[in-house]
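Letters A, B, C and D mark the chains in the order given here, with residues in each chain numbered from 1 onward.
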Amino acid sequence: MVDSINLDTAKELIDAAERKAEEIDNPMVITVANSEGNLIAQHRMDDAWLASVSISRNKAYTAAALDMPTHELAEPSQPGNSLYGLQTTDDSRIVIFGGGYPLMDGGENVIGAFGVSGGAVEQDMEVAEEGVQRWEELRG
Amino acid sequence: MVDSINLDTAKELIDAAERKAEEIDNPMVITVANSEGNLIAQHRMDDAWLASVSISRNKAYTAAALDMPTHELAEPSQPGNSLYGLQTTDDSRIVIFGGGYPLMDGGENVIGAFGVSGGAVEQDMEVAEEGVQRWEELRG
Amino acid sequence: MVDSINLDTAKELIDAAERKAEEIDNPMVITVANSEGNLIAQHRMDDAWLASVSISRNKAYTAAALDMPTHELAEPSQPGNSLYGLQTTDDSRIVIFGGGYPLMDGGENVIGAFGVSGGAVEQDMEVAEEGVQRWEELRG
Amino acid sequence: MVDSINLDTAKELIDAAERKAEEIDNPMVITVANSEGNLIAQHRMDDAWLASVSISRNKAYTAAALDMPTHELAEPSQPGNSLYGLQTTDDSRIVIFGGGYPLMDGGENVIGAFGVSGGAVEQDMEVAEEGVQRWEELRG
């Protein structure tokens, strides 16, 4: 059994992120995965990029699969650095730019992941962080 | 540009199907795709089968890609029949048992698709038909 | 070098098949491949099934890859017969129902292949045979 | 239902690009896709590179999937830039060099995409731009 956030919570996190995406007028695809990287919920906002369906899902997957936000992978996977080549491992599901975040229980355990794609990386991160923040509020 | 049901409508259809799934006490994974088989929204109900994430997505894909409900493919793809072997075509995304339905525009055009997986085929179909019926109500 | 029909010829074969598809009022996806199964030309007629994009390409591939029409594979790949399981070999590109044909030089050499998908198998075959016949006329 | 350019239009765009490719004596593979990145038509000119069959298809896919010309992706996906790693996302269908263009409806909607591969990137772009220009003439 995976100790994971449930579908109702996932929908709340997605709603929070969608509101942010509407506020900045940038439609996004938003995914919540469980701690094993498998999908709980995914929404493609109207007019969001098609490519973002796959990218948001894999950002959530990556955050769960490596227990860290995807933007932390950018630096070590640069040419010359220690993890150069990382993005083609794991059947190329690893995304090495920002927009994917693990969702933590109050301690050190990952119990889900959040992935957003649809704009520039900073916008993806801004929208994703709304979902993460909502999670931290709900977790109490 | 795809003339398709939007995300708000997709969420309503999924909600209708989820209520049915709760009523029959069988958690399901439910997918809405657009007319080209690409994802609009997907929800995995708590405790639904992991395999159903892929199966419900591919049922929706199949209904869009062949313009027909997936249960209509079961008979022609039996051994000895004309489409035997169909399920491994199209990168094995074709599902040949029930639970995938095209969503029509009132005339002859497919404008989306609905896919449900998580139980016996009859249960998948029963739950999916709630979503399809809700679509027909909304379409007016 | 592959001794193959050229693009101009491929377009003529496709045109002949498209006329037949219009005559029987069934939009099709039509592919011409070279003798190595690689694409020369592909057309998706308006409103043809999305799944047929992949299926027509793989019918042409199969006819080139096995030097025979795809409908000849149906019988040997039935359960209990000698090639049972064939359709999942070769990365699942092998199609075991009708609609794919090799294009022969005047003798025994395959110099291309033709694949049609979009209707019932008999219709796919009827339309594909127009292309094959056009090839035989052009070859003289 | 996809609001898309039809097959007849697609063939006209390809013809315009083929004439340009002949003029510069560089055989190309040319693809037209719909707004969801799925194929409408593809031609491989005689002696065009085999690799270009996949590359032109994926250039058209990328332009549809990200609503922008593929050459605009080159800079942001360089090492050190924000989208480094982009080309291996979305099942490695994303092409990050020039030759793919969205086809617009006159306003802000993408209704198709055009992809060319077979030469140096500047040549691919030059040939593709003929197809895009022909589209703008036809659209009126």
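Please note the rule applied: a contact is a pair of C-beta atoms (placed from the backbone, for glycine too) under 8 Å apart; a residue touches a chain by one contact, two chains touch by 3 or more.
The structure presented is a predicted model; accordingly, all values stated were derived computationally and were not measured.
Following the contact convention of this document, B is the list of chains adjacent to both chain A and chain D. Within the list B-D, A-D or C-D, B-C finds its counterpart interface, over half of the contact pairs alike by residue number, in A-D. Averaged C-alpha coordinates put the centre of chain B at 31 Å from the centre of chain D.
Separating the centre of chain A from that of chain B, both taken as means of CA atoms, is a distance of 26 Å. Chain A and chain C have Cα centroids separated by 43 Å.
Residue positions of chain D with contacts to 2 or more other chains are 36-38.
Inter-chain contacts, as defined above, occur between A-B, A-D, B-C, B-D, C-D. Considering their complex, residues 36-37, 62, 64-67, 79-80, 82-86, 88-92, 94 of chain B touch chain C.
Those residues of chain D that touch chain C in the shared complex are 6-7, 10-11, 38-46, 50, 53.
The part of chain D that touches chain B in the complex is made up of residues 1-3, 34-38, 105, 109-111. On the side of chain A, the complex with chain D involves touching residues 49-51, 54-55, 58, 74, 77-79, 87-88, 92, 95-98, 120-122.
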